[in-house]
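Everything on this sheet refers to the single structure shown next.
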Amino acid sequence: MEFSLYGLSDIVLSLKVTALANFFALLIVLSTLTVLFIAPNYRLKRSFYLLFTLLVASLFLIVYAHDYLLFFIGWEVMSISTYFLLSFTLSKEALHKYILFAMASALSLFVAILLLYSTQHSFLYEDAKQSYLAMSDGVQQLFTLFMLIAIFIKLGTIGFHYWLVDAYEESHNLFTPFLSAMLSKMGLYALILFVANITQATYVLAVMGLLTTIIATFKAIEQESIKRLLAYSSIAQLGYIVTVLSVADGMGGALYHALIHTLVKLLLFINIAGVIYVTQKEKLSDLGGLIYKLPQSFVFLLIGIIVLAGMPPLGGFASKFMIYTALLDAKYLLLLAGVMFSSASAFIYVYKLIYGIYLGHPTHKNLEEVKEVPWTFLAPQYLLASLLVIIGTFPGLVIPYINRILGELNLTLLSFETIQTLITSYAQYNGFVVMGAFGGIFVLVLMMFMLLRSKAKKPKNRFDIAYCAEEPNEATHLHYGYSMGQELKRVGLIHLIAKNSSKYFYDFLAKQMQYFSEVVRKIYSGNLLLNFNIAVLFLIILLLWSLK
Amino acid sequence: MFEFLNQPEVIKTIVTLGAMSLFFVGLFGLLTRKHIVKVFISIAIMESAIFLLFIGLSFNREKVAPIIDATQTQVATMNDPIPQAMILTAIVIGMAVLALGVSFAIEYYKLTGKTEIDTMNEMRF
Amino acid sequence: MILFDLLFMLLVAYITGFLYYGLYRNITARFQRRLGPPVWQSFLDSIKFFSKEESISHGWMFYLGPVIMMSGAIMTLFFIPLFHTGESFKGLSSYGNLFLVLYLLVLGALGNALAVGASGNPFGVMGVTRGLSRLFALELPFYISVIALISVSGSADIVCIAASQTEWNAFAYPLLFIAALFSFVGMMGQAPFDVVGAPVEVYSGPASEFSGKFLALLMSQSAIFTFAKLVLMVHLFLGGASGFVELLAKSFGLFLFVIAFGAMYGRFKTPQSIDFLLKVPTSIAIVGLILATWS
Amino acid sequence: MSSTLFIALPLLFGFATPLLSRLGKNALAYTSVLMQLSLLGLALSLLLAHSSTTVELISIAAPLGISFVLSTASLLMVLLFTLLMTLFSLYYLFQRRANAYANESKFFTLLNMLLAASIGLVLSSDIFNIYVFFEIAGISAYILSAYSKTALALESGLKYLLTGAVASIFLLFAIVLIYLHVGSLNLAVIAEQFQLLPYNVKLLISLLLLIGFGFKVEVFPLNFWVTDVYQGSTSLVNALFSGIVVKAYLFVFFHILYLFLPQGEFTLFLLYLGGVSMLVAEVAGLRQTNLKRLFAYSSLGQVALIFVAFAMQNIQAVQAAFFIVIAHSLAKFMLFLALASLEKTEQNMHIDRLKQIDSPFLMVMMFLAMLSLLGIPLFVGFVGKFLLLKSLAVEGMLTLLVMVVVASFIEAIYYFKLMGYMLHKGTRSEKVEVSLGEKMIFVSLGLSLLLLGVFPMSIAGFLQNAAEVLLDQTAYITLLVGG
């Protein structure tokens, strides 16, 4: 559908239903529904729902827009409505940080699309490639720079993630799943459009993606707040996608991982929203041992972290496998090693997450009265977890849909035989067999082990644990391992990552800016003598300049 | 002995030079004086310079006053009336502005006791 | 037919694993000028432990942890073929690939970590942290080597990689082999990267909570897992195997090397070992990768 | 003759206020509203009645005498001014503050003089008339600025007056030079002959005009007085300054510029001058904590943006300029009125007080205005900014494009800082009552920002028409002096 705007015939706008758009629209619908499902647990103002509706509408606009102007409009409306949604809970500083980055992102995008427009006088996606090619080299680089800044800020790519972690941590528990699952995906959508329609900024994406995965993973390991940990994990997961988009045939893996990441982040954030709802605690140090109070939640979190870590047999492995083989195909071997390395490092933080919340011994006695989370929290988790299991068992299930998108973007299709298998040029993987084998072996071993079972009692005293021959008491901190990963800082290379932060850079920037402003505003002192003198000086300079 | 002064070119040069020097005197005052009344005086001087310049350059001794009556009907031999009309208007406006300014200055002085414009900084930043 | 295959593989792994473990204890004893226990002592121990009862329960996750570990070990075994030639004893390897195996290798660690976490033992968690921290450093050089091999052989299928070697990969790409060996020593839990299970340093490390039949299950798991990892290395670097004799010879040789290596060196602290692994073997592996894939 | 009414009626009304104020308590406000509404109606009817570009030409005693041109472009400005003034009078009526302006009749005299002069500036096609209206607008603005006679107000009035006087000297100088060389005051005649003048004279005249108007259009090195004037005057009056007065000066300056000032390098210089003004103003505003002064900086930035748009000199950019003029007038007008409503107890609000104030309605309205000023889509501010940046991009002026965008970003920094204060969570102690009438005005302003933003096509054609007319010199000359 095409139409023009502003009564000006030279601005042609277009909305179009494409397979790619449908893919993301599906994710939007899924996220919205699951998030709304847990909404009745919270008392929210009507304005919250109003803004949320606006946000979802803007997401649909972004997705179904077929030209960069409508896309930009959606992008800005998304940023602003998110701003007001975040304003319900965020502290002033975090909110300000968010909006500054969002505005920087929006304005860079604005400049980029205007540069695109300047050559072919069209905003349409079809003409984007032409417009790009018609630019001079310098403008091309400028365009790429602005476009990527816009995208990277939304994605929270390392160096541009300063706003993201605070925003995730302090946002409403209802809204965090949506932030992580959906809003960062819009950055991804922009990146996919950029890569597919305009140019593949290979080296930038490869380097930024790899740095993002590795640094964010180690940052996540350091965190002691659940939501901060998951925020860094989100950054790292999107880093994989950025990395894989740097290679020619990476689109399939990227879309696959986008799907999996949306599902798993919804699952995880809803899960911890439930935990926070029943315990009112957000720090790993305050939680612990909830496995026996919230057994169902535990299982869902377990599924979530297995997917997040990319372990077989669940869906996470399928998407990781696609990413690895795509990188292998392009012969980006060291890049692949780096990605696998950060994927292995992710085990620490996923373990830290599940340990900190559900395992170990709680230090606080009041966690003993906690009950399982309300069914409104559990129902969406059932849905998401079963989707993940199904995708793990039938990893080929989504391939036809991804192929439809790839076909539309004129990219090489993924090979597809049955829904049980994933086939790449290097190897194949049968999810059904793996799942079956694992399930079978697990059940068999368990049954044999059960046969040998003997009656064992749970210790009645919560202090009845091995503790260096000492008797712990109420004052003892029983939840020992919640800060695991700190000792990694003793390793030189990792210390380097932990010590340095983009915070210093941005603080420096802000300080310089304020200093500069302080200097500049001195001239607005209202001193008329100064003003008249400058005016005359100005006149003389202009005279000399024109008479030269 | 000052006959040459009657030549229109000479008169115009003198008027121009005089008006410009007056203008620069005013400008100098505007840029260097701090006392509010002196600033107003400087402004008045600059204005007068422009009035002088305009009248001096547009007035032609050869021509007569632009009054149409029984004897005078030739427009071509009359002086242009517009400059005079303009300058009269401008003088009125200038006076009004100056008077207003002085009244502000007096009120301000009554309230704060300040007369120098560089000390008028109640609302710095 | 395939069930029979799998059962046979399991049996072979179980027996060979315990045999190797017995030999390991003997050989280490000789290094330390002791006599050491009889070869089948560990096997007999495990049978005995299975009949022990425990009186304190740490909850169901603690119960499931060893089961997950065992399943992980068996899965690993099943997705690695015993021989790269012939039709039989391929296990499930045609349904999986090397990436899958790499992940299955750490599945056991996850089960262990969950169970130990559920136990609430503070020192257990310390061991888990050490293990997980060491894990990624261990994996990195190994991953690089494996990626290089996949790239040169053009397939991520273990059978294909084993079959594609005209001369052993260990000799064709010595740097990759050396780098992978470092990791392998760590994966086998040998010094100098053995701080996780370190019996002296953490007096009641992860293993101490697993007494009785848990310990028995873990011993069996360890036996199977050891064998599976040896087979993997044989296929990747030592030209694969086409018969039992070849397989046993190659894997035992490798095993001997690892034991000797472990017996010779002291123990690294966790940060030390990570630091070392991230610097030396990784650099070797990167150079090896570049040399292997330069053309 | 109807267009003379736009000037005559407010002037008449202005001088009749002493009589009208005797009629009753609110008679003055009511009659003022009535008069302005009728002007608005007249302007609207003219708009609807005439589809052609030039609506009316009134010449009094041609060829030497005075003439006014009511073209589509000036009609647009007239519409805007009368609309804002009507809303202003309504607001004044509804606000019912106790003793804000002790001498109401004088206040209304000044208001209507301001309106008449602003409209006169826009309509005049005679450079001396422009000078006269320039001064009338100036004088009434000086008095309005100093109206409350506090030290602050007097200081700001004095500063305004001094700069105004200096500016008018430069302007007068330019006019004198023009007359001496061209022999006419009619813009069209000047435009015809200006290019024939010697280079040095042209240069001197241009620069004198630039300095003279530069003070009034608040361009960079000449605008150091502006913030003080805004801070010293009441918010109510500031609404008029940024909504009407500056816009009139801007329009006239560029009207003259298009007609006869030199093109080429000079306009390029103006473009960058505008860009620099915008950057400097926004940077200076970054750390401002006084609300009025902050809005003054923002006004400087926005006016510089309009300056850039006009200086682009092509139809699209001028259309964009009109969009920004409308957007900025409505939004700033709204912000200052909201500030006036908030300021009932205390002048010169510190930014911290926003945390205390409990008035969701005004907050929401201020959000709307700010978002529009920032050029967020769905608001009319976006349309203008977009069209301007688009034409910058098309012309390949990337440096300027980036300058404007960076300035907008800096503006966003402090506006969102304000919003952060407004969204502050905590107890709010100061309740601010807003009467129904006030609410109506705010809502109508806010709605118009939104509606024009969502349906900009409703006025785009009109604005394009206006831009074409403003840029078309030959038609203007033909109209005034004949073929």
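Every chain is named by a letter (A, B, C and D) in the order it is written, and numbering of its residues begins at 1.
Here is the rule we go by: a residue touches a chain if its C-beta (ideal position, glycine included) is under 8 Å from a C-beta of that chain, and two chains touch if they have at least 3 such contacts.
What you see is a predicted model; the values in this text were computed from it and never measured.
Enquirer: If I average the CA coordinates per chain, which chain comes out farthest from subunit B?
Expert: Relative to subunit B, the chain whose C-alpha centre sits farthest away is C.
Enquirer: When you take the mean of every protein CA atom shown, which chain's own CA mean is nearest to it?
Expert: Looking at where each chain's C-alpha mean falls, the closest to the middle is A.
Enquirer: Roughly how many whole angstrom separate the Cα centroids of subunit B and subunit D?
Expert: Computed from C-alpha means, the inter-chain centre distance equals 30 Å.
Enquirer: Round to the nearest whole Å and give the separation of the Cα centres of subunit C and subunit D.
Expert: Computed value for the inter-centroid distance: 79 Å.
Enquirer: Mind checking the centre-to-centre distance between subunit A and subunit B? Centres are C-alpha means, answer in whole Å.
Expert: The separation of the two C-alpha centroids amounts to 70 Å.
Enquirer: Report, in whole Å, the distance between the mean C-alpha point of subunit A and the mean C-alpha point of subunit D.
Expert: It comes to 45 Å between the two C-alpha centres.
Enquirer: Counting only residues that touch at least two other chains, what does the list for subunit B look like?
Expert: Correct list: 30, 117, 120, 123, 125.
Enquirer: Please list all residues of subunit D that touch 2 or more other chains.
Expert: 159, 162, 166, 228, 288, in rising order.
Enquirer: If every chain is a node and every touching pair an edge, decide which shape results: line, ring, star, complete or other.
Expert: Basically it's none of the tidy shapes, so other.
Enquirer: Considering the complex alone, what residue numbers of subunit D touch subunit B?
Expert: 64, 128, 131-132, 135, 138-139, 142-143, 146, 149-152, 154-159, 161-162, 164-166, 168-169, 172-173, 175-176, 179-180, 183, 185, 228, 231-232, 288, 290, 293, 348
Enquirer: In their shared complex, at which residues does subunit D touch subunit A?
Expert: Per the stated touch rule, the residues are 159, 162-163, 166, 200, 203-204, 207, 210-211, 214-215, 221-222, 224-228, 280, 283-288, 297, 371, 374, 376-378, 382-383, 386-387, 389-390, 392-394, 396, 398, 401-402, 405, 408-409, 412-413, 416-417, 419-421, 423-424, 456-457, 460-461, 464.
Enquirer: Which stretch or stretches of subunit A touch subunit D in the complex?
Expert: 5-8, 69, 72-73, 76-77, 80, 83-84, 87, 92, 95-96, 99-100, 103-104, 107, 110-111, 114-115, 117-118, 121, 139, 142, 513-514, 516-518, 520-521, 523-528, 530-532, 534-535, 538-539, 542-543, 546-547
Enquirer: In their complex, what parts of subunit C are in touch with subunit A?
Expert: Subunit C residues touching subunit A: 50-51, 53-59, 61, 63-64, 66-68, 70-71, 74-75, 78-79, 92, 95-100, 102-104, 106-107, 109-110, 113-114, 117-118, 120-123, 125-126, 128-129, 132-133, 135-136, 139-140, 143-144, 147-148, 150-151, 154-157, 204, 208-209, 213, 217, 270-271, 274-275, 278, 286, 289, 293.
Enquirer: Subunit A touches which residues of subunit B in the complex?
Expert: Going by the criterion above, the answer is residues 27, 30-31, 34, 117-118, 120-121, 123-125.
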